[in-house]
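Below: a set of structures, written as structure tokens.
One chain, chain A, appears in both complexes that follow, with chain B as partner in the first and chain C in the second.
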Partner chain A sequence: MPVTTKGELKVWQRRDRAKQFKIWFGWFIGVAIFMFCWKIISDATTWFFVYDAPRIAVDIGGRAWPPRWSYLSELWKPMWDTINIATLGTLLAIIMGVPVAFLAATNTTPSKRFLRPLALLIIVSTRSINSLVWALLLVSIIGPGIFAGTLAIAIRSIGFVAKLLYEAIEEIDVNQVEAIQATGASKLQVIAYGIVPQIMPAFAGLSVFRWDINIRESTILGLVGAGGIGLYLQSSLNILAWPQVTVILIMILIAVVISEWVSSKVRLAII
Partner chain B sequence: MSSRTWKRPPLIKDTTWRYGLLALMALYFVAAFFSYDVNWSRVYEGLDRGWTFIKSFTNPDFTTRWTDISEGIWESIIITVTSTVVGIILAIPLALGAASNLAPKPIYYLARGFIAVARALHEIIVAILMVAIFGFGPLAGFITLTFSTIGFIAKLLAEDIENISKPQAEAVKSTGSGWWQWINYAVQPQVMPRLIGLSIYRIDINFRSSSILGLVGAGGVGATLNTAFDRYEFDTAAAIIIIIIAIVMVLEYLSGFIRARVQ
Partner chain C sequence: MLELKNLGKRYKTGDDALKGVNLTIPNGQVIGLIGPSGAGKSTLIRCVNRLVEPTTGTVILNGTDITKLSSSGLRKARREMGMIFQEYALVDRLTIMENVMSGRLGYMGFWKSFFRKYPQSDIDEAFRLLERVGLDHMVDKRADELSGGQKQRVGIARALIQQPKVILIDEPTASLDPKTSRQIMRLISELCKERQLSAIVNIHDVALAQMFVERIVGLQDGELVFDGAPDELTPEALTKIYGEEDWEATIDDVDEGEENVGDQNT
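Entry: the complex of A and B
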């Protein structure tokens, strides 16, 4: 036990000197890295604009209020598109993600050597790239519109759905699977009656969760031309129509809050 | 002698609910399907370009725009580091305020309200506003990601604080500790593993987000990526995407390693 003696008195300490020094040194390195990074940001910043920021913020706030509510009538169609992008995108992602999950799970994959690494590669590459980047790519390939947005959401979500689902498949109870196997069921029957019922709650939960995230993501895809309410946000920003921006932001906030509420209710009902 | 067959129990027991939901879903899909206006000839034309893009992954071009790419990636990493650190530091007091077992009601509602707003807006929308207010550059990206980090960490940490074991907390309290000592010796050790896990997960998320902030002028590699796509320089875009994937994979591996050690 690290104890120092001060004359007669023995004082207990939590760590001995070497360990304490190591921890202190770790913090020192961390703070140094942070300060270095901060200096680079600070050098790249025009500080005059930052000092001016409160005035600008008040100015923009003044322009943005009151919201131009009459603009609302033009927003129903893009909002409907946004919801479609998220919903159909999630559906497509599920259709593509479920087979990938079964190929990636160690206990269901047909070949550990070839198909599993391939499935894991699909999961990692679709997951690491933001849906906005996918949208950027798809708009330049298949042209602007909600179709590109839907595909972007779908591709980004494949990795998410497949990753969480394959982890659920790997955690299933083996006894139930063996019981089905003992009845002489074929491989597909084992999956249908032994595995699927076990992963169904996890599957439903993560689908709804992803749908909720996708509503949020699809609100911005319009910035790169992939349809939805983001398109109107972009054009309102371009013409500096701040009262319209306020209306759009309020609409997005309401949509996100509602979808989050629906998703948490559904997940509570399932689990 | 009637032969009985077994049928799988349906997911939803009540028949009106089951068929009602199915009918609603069918109706929705028909409506959604008809509101899609896909220009198939344009899609068909694009397939060639799609194929070029996929092929460019076998031959990514790191060299032509290397200065832009490396500057962008560095800026993304720097934004990630600073915003994660500041975000966590600011999130901790907010989480204490948003934990219903620690905070008085008015503070609790205030903190929860802030968290809800910080989480509801997508990073890009916040970034647009920050660029409008603070001007172009990495500072806007840093503030954006700090803002969303605060919402994320504070919410999940507050939930963990609400779930701490009460006997330990009371034991420390019964020694006559003050409020700060109580937080430091009863609450903090219990939530520390979770906080470390969350922070590392958040680094991962922040890096992914920082790679798109450039699209709206908030710094990072996104601007270069956008330009590459606009000019159909798919080999450069492929190079950037490969770097992003590689860094995300390293971060994911590290986070798995550290979380396994802490928990």
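Entry: the complex of A and C
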């Protein structure tokens, strides 16, 4: 009882004594588990390497500086590839994801029993596997190169596009849809006039957002042979060419900053 | 002529929203449907164009049984029934012209409507209607830029461009101020006269209903309990529809008519 009487006074407390005790006990258990795990991790760590880490970092940093700027001339082409992988991949994902979203949304799906679970399965399975893993698979299926990278980005993004879009479809104002239905419009016309205008802001926002994420993801796809700037990062790391690695990292950083700037501008313009 | 025969609706929750309603509306008659919240007024008009599927009974519009139509037949039938909504139900992100033109969707193919290639005759009619409702100067504004009264005028134009035989009107003034309410009701009743339309108007405001409609039907808990001329709506009749209350003031309001509105605005 949070309310107790002390003579004339009614005293209110947030929790009674037993509940307060339980909460303290919960904290005690939590801290004990944390300490125990810390002990296990600590036993399994070779502390020599950790103590050594700052020296190694300084060493690599020293070798990586100054950046080898002349390497830049070789990087424009793969950077352009990387941007294309991200952009084409996003476009493909949109083309495939939009129909999936309409099949998955409860208010637009033609069949709740069969097609909707199928659409949800597509969403979950494409989303749950990282694009690097998709790229690994696709490189072994269709061979290394930009095409494998583009497909990897596209497949990974289908679930993202479809999930966010179907949530937007489920949240629309049904009155507007009813009004279009009442005019005698066909099902497709109801979608085009009653639903599409309502989901346009969400659609534009999520597309640009996904493109922005894909720029970042496509920079590392080359690590597994799926084309783009990651390929050069991989080969520079392999031959321990640290000054080249620095140039590549700076380039990726600038590309990501620019894509973020573009996507925030576009989103502001549309919404 | 619109005939409802033994119209009933039971929702999945088990609520009987309509319990066998019989109602006949001759061509060109505007009726006001009054009744307490939850009496089934919205359900009744939505059963007419089957936005809500009736569970029993039939709806017959000029000889066609609407309850028996296939989905393509229903779409054709819906073209003859305009609808006006309480919250206007305009598509917010479309322009006024597109909203009005959405009333022509039933007459158009998908791609023509998708690319907004409306026939010139429809565009002419849209301009005529927008001029009639007083909005011809703002065709390119987006619907969400309009005030409530303006939105409802667009809603009226959208319903009329269907060239309907009947219009179903669900609480057209519930979100509007008293003066705009009267203007909208006046516009609706004038347009129905001009075009010889029958209409069912769901309305909460008894005084407003008495001013603008020729026949009043009272619905109470899914059943018709009153059907008569506006001046037959006595305190006893209102008690039957809504329950016990002092009704004299409501009816006095009607006798004073327009002056009342003037007072409220000054």
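In this section, the second predicted complex is superposed on the first by the 243 of 271 C-alpha atoms of A that agree within 3 Å, B and C clash if a C-alpha of one lies under 4 Å from a C-alpha of the other, contacts with A are read in each partner's own complex, and residues count from 1 in each chain.
What we mean here is this: contacts are C-beta pairs under 8 Å (C-beta built on N, C-alpha and C of every residue); 3 or more make two chains touch, one makes a residue touch a chain.
Note that the coordinates shown come from a computational prediction; the quantities given were computed from them, not determined experimentally.
K.L.:
Applying the document's definition of touch, where does A:Gln13 land relative to chain B and chain C: first, second, both, or neither?
P.N.:
After superposing on A, A:Gln13 lies clear of both chain B and chain C.
K.L.:
Tell me the contact category for A:Ile41 with respect to chain B and chain C: first, second, both or neither.
P.N.:
first
K.L.:
Considering only the touch criterion stated at the top, classify A:Leu223 as touching first (chain B), second (chain C), both, or neither.
P.N.:
It touches chain B, and chain C stays clear.
K.L.:
Residues of chain A touched by chain B versus by chain C: which partner has the larger set?
P.N.:
For chain A, the partner with the higher number of touched residues is B.
K.L.:
Please work out whether A:Gln189 is in contact with chain B alone, chain C alone, both, or neither, and reply first, second, both or neither.
P.N.:
second
K.L.:
Now for A:Gln181: first (chain B), second (chain C), both, or neither, which partner does it touch?
P.N.:
After superposing on A, A:Gln181 lies in contact with chain C but is clear of chain B.
K.L.:
Thinking of the overlay built on chain A, is A:Ser111 touched by chain B (first), by chain C (second), by both, or by neither?
P.N.:
The answer is neither, since A:Ser111 touches no partner chain.
K.L.:
Taking the stated contact definition, name every residue in chain A that is touched by chain B in one complex and by chain C in the other, in rising order.
P.N.:
Residues 200, which sit in both footprints.
K.L.:
Spell out the residues on chain A that touch chain C in their complex, using ranges where they run on.
P.N.:
Interface residues on the chain A side: 173, 175-176, 178-186, 188-189, 192-194, 197-198, 200-201.
K.L.:
Taking the touch rule as given, give the residues of chain C at its contact with chain A in the complex, in rising order.
P.N.:
49, 51, 75-79, 81-83, 85, 87, 89-94, 98, 102-108, 110, 113-114, 155, 158, 162, 168
K.L.:
Which positions of chain A touch chain B when the two form their complex?
P.N.:
33-34, 37-38, 40-42, 44-46, 49-50, 53, 56-57, 60, 80-81, 84, 87-88, 124-125, 127-130, 132-133, 136-137, 140-143, 145-147, 150, 200, 216-217, 219-220, 223-224, 233, 237, 249, 252-253, 256-257, 260
K.L.:
Could you list, by residue number, the parts of chain B that touch chain A in their complex?
P.N.:
Where chain B meets chain A, its residues are 11, 28, 32, 35-39, 42-43, 46-47, 49-50, 53, 74-75, 78-79, 81-82, 85, 116, 120-122, 124-125, 128-129, 132-135, 137-139, 142, 208-209, 211-212, 215-216, 219, 222, 225-226, 229-230, 232, 237, 241, 244-245, 248-249, 252.
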